[in-house]
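Heads up, the thing below is written out as structure tokens.
Each chain carries a letter (A, B, C and D) given by its place in the written order, and its residues are counted from 1.
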Amino acid sequence: MAQACAAAMWAEDGASRGLGMVLEHVAPRAARLSMTVGEAMVNGHGMCHGGFIFALADSAFAFACNTQNQRNVAAHCDIFYLRPAAHGQTLVAEAVQRAEAGRSGLYDVRVSTREGALVAEFRGQSRSIGAKFFEDRP
Amino acid sequence: MAQACAAAMWAEDGASRGLGMVLEHVAPRAARLSMTVGEAMVNGHGMCHGGFIFALADSAFAFACNTQNQRNVAAHCDIFYLRPAAHGQTLVAEAVQRAEAGRSGLYDVRVSTREGALVAEFRGQSRSIGAKFFEDRP
Amino acid sequence: MAQACAAAMWAEDGASRGLGMVLEHVAPRAARLSMTVGEAMVNGHGMCHGGFIFALADSAFAFACNTQNQRNVAAHCDIFYLRPAAHGQTLVAEAVQRAEAGRSGLYDVRVSTREGALVAEFRGQSRSIGAKFFEDRP
Amino acid sequence: MAQACAAAMWAEDGASRGLGMVLEHVAPRAARLSMTVGEAMVNGHGMCHGGFIFALADSAFAFACNTQNQRNVAAHCDIFYLRPAAHGQTLVAEAVQRAEAGRSGLYDVRVSTREGALVAEFRGQSRSIGAKFFEDRP
């Protein structure tokens, strides 16, 4: 189920693909994506613009909160930047559900370099919008 | 001073330029940027990926908190998504300082469509890193 | 209407009264409360525990988001601490609505000393729970 | 070391004691506190004012980020409310460090009922202020 939802999302999500993101793993309420910091993502000092770090975390959050055949959207996100990321580094975002209540879910996403240095911590709040990816099978 | 800082930042910031952002206005502790939602930014339903809305707000925040010839970086950001943005819409991000204390500043950024529909509210916390853009003139 | 809602809330809210809060002003989607930092609120250095500063802001937010005869509850709050508050100081919390979308509202609350020194900035997200304070008059 | 820091903080912290908090456990970069929802903490429906739930989480955060003989203060906190808490319930706040970078730390605090029902999720960002609790022993 999680993989079918992810496949449906991935097919739609030209933005994540366009940034070179790779969907590495998906499981119920969890997802891992990676992205290499390209030339178009950095400033004059070779450091990644925070918006792309956020986009990677946000995509991992979106995949994780859409693994139950219930469409969810982001209501609120926040991010702490802990360390800069440089041109050429591969960043990995691990999203896991932390809590849920009613139609809301809370997800934590950790963004690290492939070598394990912590770059940012992201937290996202999802809301179910009452739609499905596909009909439940009989 | 604000414009000299903005020019120095803009020259370095290939990422914002690459996303088609336009620096519309800069003033002490304030900035306005715009960006049109392009095809590479949307999902299969034609709606803008949240990461690009965030990136626009984040860039407006970065310009606003770097208007005093003191380099500042983002420590924490959060965003509330209020309305989706569609392919072809032009988004405008208005950043203003809300508070400062010691080396920290607090900035609010409102993202709207050009027609004035509110899309997202962003808040960023900056930290001064003790560096300058250029030497103070005598 | 705003005042009738506030009166209904105030009658219920023993917690805010018990902390010595004063409801100074209420208007549609806005409220101002004050509180003097008492001995029970401070640590050994005479500085106010952050939880009481938060509680004042949270109460101002609650009054502001409940001025339309629609019961709202807090879904998410965040606070930046800018300056400590000392024993004996009177703190004033000014809450105003910043945005709304669907059943959610976004409110900003500024906490200052009576003399105007900024102590904290709070942002709260409300959710309507579909209940009213009293029947609409015919 | 963690316990010596906690003892020093507890002696100073009349506010937490005054709310009936109990320091149940402390370890390096972690702490657990509990508090029973008293009559002075509830509104007319018997539900705990969010400010007291926040105060419990904030105190657990404060103890956890002050276990290394380096004084830290709260810079930013946010809280998601997941479930109301009722008069007479005992709430338990578990704080653990999630990340650190330079002088900043990031802590997660989970607030549950004693029976394990999740009430709120809190995240706090600490800043070291360059002071100690006591001289390091030779």
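Keep this in mind: contacts are C-beta pairs under 8 Å (C-beta built on N, C-alpha and C of every residue); 3 or more make two chains touch, one makes a residue touch a chain.
Quantities reported herein were computed from a predicted structural model and do not represent experimental measurements.
Simply put, of B-D and B-C, more C-beta pairs touch at B-C.
When every chain is reduced to the mean of its CA atoms, the largest separation from chain A belongs to C.
Centre-to-centre separation of chain C and chain D, using mean CA positions: 21 Å. As a whole-number value, the distance joining the C-alpha centres of chain B and chain D reads 34 Å.
Centre-to-centre separation of chain B and chain C, using mean CA positions: 29 Å. Shared interface positions of chain A, i.e. residues touching 2 or more other chains, are given as 75-76, 78, 80, 104, 125.
Touching chain B in their complex are the following residues of chain A: 11-16, 18, 39-45, 48-52, 54-56, 58-59, 62, 73-81. Listed in rising order, the residues of chain D touching chain B in the complex are 75-76, 78, 104, 125.
Chain A makes touch with chain D in their complex at residues 78, 80, 82-83, 98-99, 101, 104, 106, 108, 118, 121, 123, 125.
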